[in-house]
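Consider the two complexes below, in which chain A is the common component and chain B and chain C are the respective partners.
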Partner chain A sequence: MSNLQTAPRQSLWTRVTNPKFIMVYATIGLFLLIYLFGAIPYGDVGFTTLRTFTTLFVDNAYYGISAIGMTMVLITGGIDLSVGAVASLTGMLIAYGTTVMGIHPLICMGFALIVGVGLGLLMGWVIHYLNVPPFITTLTGMFLARGVCSLISRESIEINHPLIDDLASWKIYFMQLKDGEWVKIKPSAYINLNVIIFFVMLLIGIYLLQRTRFGRNIYAIGGSEQSAKLMGLPVGRTKVLVYGFNGLCSVLAGITYALYVKSGWNLSLQGAELDVITCAVIGGTLLTGGVGYMIGTLFGVMLKGLIPALITFNGNLLSWWGKIATGLLLLLFICIQRIVVKTTDRRKGKKRAPVKS
Partner chain B sequence: MQNDAVLTMRGIDKQFPGTKALNKVDFTLRKGEIHALMGENGAGKSTLIKVLTGVHEKDGGSIWVEGVDGEAHIHSPQDAQNIGIATVYQEITLCPNLTVAENMFIGRTQGQRVHWKEYEKRATEILDNLGIPARAKQELSSCSLAVQQMVAIARAVDMNCKVLILDEPTSSLDDKEVEMLFGLMRDLKNRGVGIIFVTHFLEQVYEVSDRITVLRNGELVGEFAIEDLPQVELVAKMMGKDLNDLADLEQVGAKHEATGEVIYEAENLSSSESRAFDFNIHKGEVNGFTGLLGSGRSESVRAIFGADRVTGGKVKVKGQEVKISKPHEAMKAGIGYLPEDRKKDGIIADLSVRENIILAMQVMKGFFHPMSRSQMEAFADEYIKALSIKTASQETPVGSLSGGNQQKVILARWLLTHPDYLILDEPTRGIDVGTKLEIQKLVLKLANEENMSITFISSEIEEMLRTCSRLIVMRDRNIVGELTGDQLTQAQVMKTIAGGEQ
Partner chain C sequence: MSTVRKATKKSSGLGQLMIPLVALGILVLFNLIRDPSFFSIEMATNNSGNQVLSGNLISIIDSASGLAIIAMGMTLVTAACGGQDISVGAVGAIAGAFFVKIANTDNGITGGSAILGFIVCVLGTIAFMMFNGTLVAVFKIQPMIATLILFSCGRSIAYWINGSATPQLTSPIIDALGKTIPGIPIPTPIFAVILMAILLALVFKFTNLRLYTQSVGINQGAARLNGINPTAIKLLSFVILGVCVAVAAVIGVSRLHQLNHKTLLVDIEMDAILAVAIGGNNLGGGKFRLLGSVLGAYIIQMLTTTLYSMSVAPVNVKAYKAIVIIIIVVAGSPVIKNKISMLITRIKAGKLQASAAKGVE
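Take a look at the complex of A and B:
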């Protein structure tokens, strides 16, 4: 071909400032900023210690686990409102199963896993094959799961089982070498099973999204479902599996939450689905689909955990300020997303074609 | 079945509720040829393509594809791909958020793992081989439309396709990009790929095609070698009539000079998207904005209608100063606007033809004064007949009509409000020659017989020369000239656009 042009070389700068990453940078930047903001006044009362940092994860692991599945769902352009209810149902199944019926907690967890993943797959199937909007489908799923919770019991049930106690209290302390001996650092900092599950799921999430065909299909569906279909991608199967995977994440979130509070209550985790969506969105996942990174979600979770921590350190503020701050944060990020999308549209400009005559 | 045929379709039937979309259509594609599939909107081109690609299932007939023993059974796009039929659609059907390489390989790799390096290497090879100016790691949305189109073709070619279907691939490309695309098409042809080329641009057909198959009303008109079918005859075959119509139009085109009262006048009008400009139109006048795409034509008329945020200027309607900052106010002042992008700004695809037609009328009346059902039906009926809108019934969703007919529905919507001044922005884009003529005629008829003032915008200069008595030429968002009378020639328009002396 004679009119061969050389393709515009992508400079490092354009690659780094790719709007897809800007949101992730913004999240990381804001996290550091707020961390610094807390470190200056509260540094001397322990805000900058490793303990405070690890507590971020210990206290928010169940959000994080759920946010991993949610990120995938959002990238496909969907949404899942049932995660809080499914996690709560998981807690109820474990609590009622072990405490009231005397079944081994592992069996209860297995059963919860089947229920949660099954519901996820079913919702995915309804969304894709019956063409019901995800919002409606998962809202129904939420009512269903919440309803079953209340059907099981309307009281809070404590979980008393040695295995649960062992799992809940199992911790890895951070150690340091002092006078030739390994001792716990002071103030003691630890991670527990919940944090480990979170990070394992995070790695699985990153692997699935970035290194597998399944992950590419998720992005493709979010970019353009119609195109994905015409390119012969298994759109239906992918969507069903994504909701199934999110069901799995909800159940794991429910298990970790049960370990965290050691009880099940039919009204626990109400509104958690919105917190989870917030984590993902703050982390740079576009609600319109097609864009999102697990690493962003990780920072989204940390950022969301940081605000209550700050309020605790302040000591004078009501915890409701946490909600307000989170709300403002979400608003800020959604605005940034719109601006980023708008400016990149403008930067690319529309292809102008000359007059055909 | 001929020896060199890669694809043979015989006696294809397809029935849709209410219409026979295809009636015993034959089609043959030979190895290494570019075969244009021509026909007006609704002639059955799209249906034939969709049968071939497995989007629709045929009701009767047979398809043979080289390399497949016996008849080919195509039930899904996947089946079509597997036997070597690949399609590149008008709208880019790739994912803008993935890279070029990902778009080329997604959905056709083995195993669950993604091997980035390998795909990027292979993609680079293919892109170099075909001379496509894109980089494997580039995000697709950062490529121009032409390059995106070519990436789609590269994806198709790499799947070892024997039959490549290009459905209106050039409609959003500029001349240079079209040339690039044609270069690629010729290259593929020489490699033995059979290409089915569907387009509305007649010149383009003659530039690259070897053969033409013409369809009309779901039936085969014939298959011709390009040398045997002059352009004029092709148009006649597509329309099923002589070209007298074209001559008719020239006569109807006795455009009368604007003498009546000034119906609309703007002074220093500007909006968030357009620069300040002066403009006026007389009663019964047809004028037009011309200029390259992006020169501000559409933006200017959008400012007149208040479709963008108006930022300044004075507007007089019939000598009275009025404020128009919202479409609703423009409608109240007797202005109608048919937007450029009918899919985005115009039709409401899920509503019926009737509902779409009465929409503007209802807005004018206010929502607290509902129209009776029989009244709505009467209006809809009147305009379906008047504009000969091809639809199964009034209640058919507009989305299922062909592009030209959708355009007529929107036109009907505005005519029903009896505006004094109607703005038509690219009313003929993406529709076939016959309907284009009908719309041009209608424009002149409205101006001549009903004394309506009309602003007409089109990318085809000939079309504007035929209909407008005054052309306002824009360049880089400014009005750079106004042409009337003897100045209305293609050469003069081009010169003014290009910026030569008047």
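Take a look at the complex of A and C:
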């Protein structure tokens, strides 16, 4: 890995102000803006409490986990529409396995992991080696996973297992020192296993993308697959592995969702794939590939969770306003992306101009 | 100009239609072997006392109508922009909301209000599609992302237009639009498909739209240098898609006798894109055959109906559908195509060698 760091180390300031991070900053800025926008009218009813903030993560952990894998896929220039279906299938496998067949949930989870990662690898293989467009391949993957899910059961199955109950109710409360004693802060704020899985996956994602050869290959493929191939990079292997990793993320998202709702249903998480893509796009990942950061995706997920929270705090707005707001947010971000890409292109053009003359 | 057009026609000839035709043939053959009565068509009296044709074949062609119409528009967008519009289902819900809002007056649905409603519906849908088109053509945003906006909020807008209601529509006009016109035994949606197909065929016949669309899809820069305005062509493809979606939405509303903004044309975007892909069209843009996409739509519907008639539950259909579709798509992928053509040339070469050897003897 040492050869990755042969480039002269830039000062922290130049690295932070690098224009390639503009999109991430835009996301963070907008998140803060909307948070402030909510904090002023609803500050006195508890919008600014730690509880609201941690609920953002507790309620959206499964989206976040899936968005991590999706970010990688999008950076390679691909897309994966099967994530919601695979997560739903995972939930169904766990529910059916534990409740109906009486198998230990860990074995079910292991089996789901094999199925999900296997499907991901298979789709990656079809996309790269058979040259079928990712959109079509993963769409059929989605149909397949959804269909298998309905084949297993068409009814919602409750999960009743002590281990699942324990895992689902396991919480870390935020404590504070009061009169020399540790007590729960009020209103009580906590994070659960799902949030921890999310952050662990986020760290893994950041490490893979920024610190490994695998990550560099992902960016290279997204920049130009042809060039990456000509440079001798393992394009096929990387692409297959990226889809496999996304399968892993989908399964983990399914497990966290199962812990969140404690049931499996063949129609759960319908349309989640596009929500996940929305999270990644709001976070600054370009669908054309080559650009994207995990930190941006983190804030994308938070931003996406903030809107329903705001609507809940308002109380008068109907939930469909949330969808319209998300749509507007997406529009805003797409426009910002466009402007950023254009201005950086122009800047590059200006730099090149004197060389030409 | 004429030579150029001939060349494009020739190169996108029957070869592209091979896979959908073969797939359709296999499906028909499978049904023939499984149950010959699958294709029987008979006259029956429907609920409103009209003589209508009934049978699986009619129901396949009838229920694929909306999909076939949208697939036509989707083909154009795919060809011109090199991407797909995933908002067609959501925009269809908006179109249905427009139609019902105008057509459903206090006095029920009259002929005049239905026509006015249809016109408003088409114009409104075109306006929403122009939003997509502007993002794609002017701001050069990837089609899938640009249309993701309306995909995610379109149904909410439909909800808002119609004031959060799911109105029931009962009128002979709605019956005529969604089912059959009294006296004509063939369901009306089938006529809508034929009408749209003829309309588009006439447009292609008398204008250069086909050539222009293909050249924009293949190489936008080259098209611009040749005096074609890519922005206008892309916008036009979205306008045509808008008309298609409006027609499909009106059919959908009329068929169900109600407007449900949540279920109207739900999931149709995926099926429409699949129809385009099965029809052998390149999803990256460029050359296209409308006939292929229409065939693709009928293949998808036929597959679904076949599975239903084999008493597969509706929710389980997706699994089988996925397997069949992946086979069709893989068979149509360039890698497999190359392998097959190599195999054919090898067999031919072998035959030639054999005959040459005979000649020597």
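For this structure, a couple of remarks:
Note that in this section the second predicted complex is superposed on the first by the 330 of 357 C-alpha atoms of A that agree within 3 Å, B and C clash if a C-alpha of one lies under 4 Å from a C-alpha of the other, contacts with A are read in each partner's own complex, and residues count from 1 in each chain.
Here is the rule we use: a contact is a pair of C-beta atoms (placed from the backbone, for glycine too) under 8 Å apart; a residue touches a chain by one contact, two chains touch by 3 or more.
Values in this document were obtained by computation on a predicted structure and should not be read as measured data.
Residue contacts after overlaying the shared chain place A:187 against neither chain B nor chain C.
After overlaying the two complexes on the shared chain, residue contacts for A:118 are found with neither chain B nor chain C.
Touch criterion met: A:290 reaches chain B, while chain C stays clear of it.
Contacts of A:338 after superposition: chain C is touched, whereas chain B is not reached. Applying the stated contact rule after C-alpha superposition, one finds that A:230 touches chain B and leaves chain C untouched.
In the overlay built on the shared chain, the residue A:222 is in contact with chain B alone; chain C does not reach it. Judged by the touch definition given at the top, the superposed model places A:323 against chain C, while chain B stays out of reach.
In the superposed model, A:46 makes contact with neither chain B nor chain C. If you check the complex, the residues on chain A that touch chain B are 1-10, 18, 20, 210-217, 219-220, 222-224, 226-233, 290-291, 348, 350-357.
Touching chain A in their complex are the following residues of chain B: 77-78, 81, 87, 89, 92-98, 102, 106-109, 111-114, 131, 133-135, 137-139, 141-142, 144-146, 155, 172-177, 179-180, 183-184, 187, 201, 290-294, 459-462, 490, 494, 497. The residues of chain C lying in touch with chain A in their complex are 84, 86, 135, 139-142, 144-146, 148-153, 155-157, 159-160, 164, 270, 273-274, 277, 283-284, 313, 315-323, 325-326, 329-330, 333-336. Across the interface of their complex, chain C is touched by residues 79, 126, 129-133, 135-137, 139-144, 146-148, 150-151, 154, 266-267, 274-275, 277-278, 281, 287-288, 318, 320-321, 323-324, 326-328, 330-331, 334-335, 337-338 of chain A.
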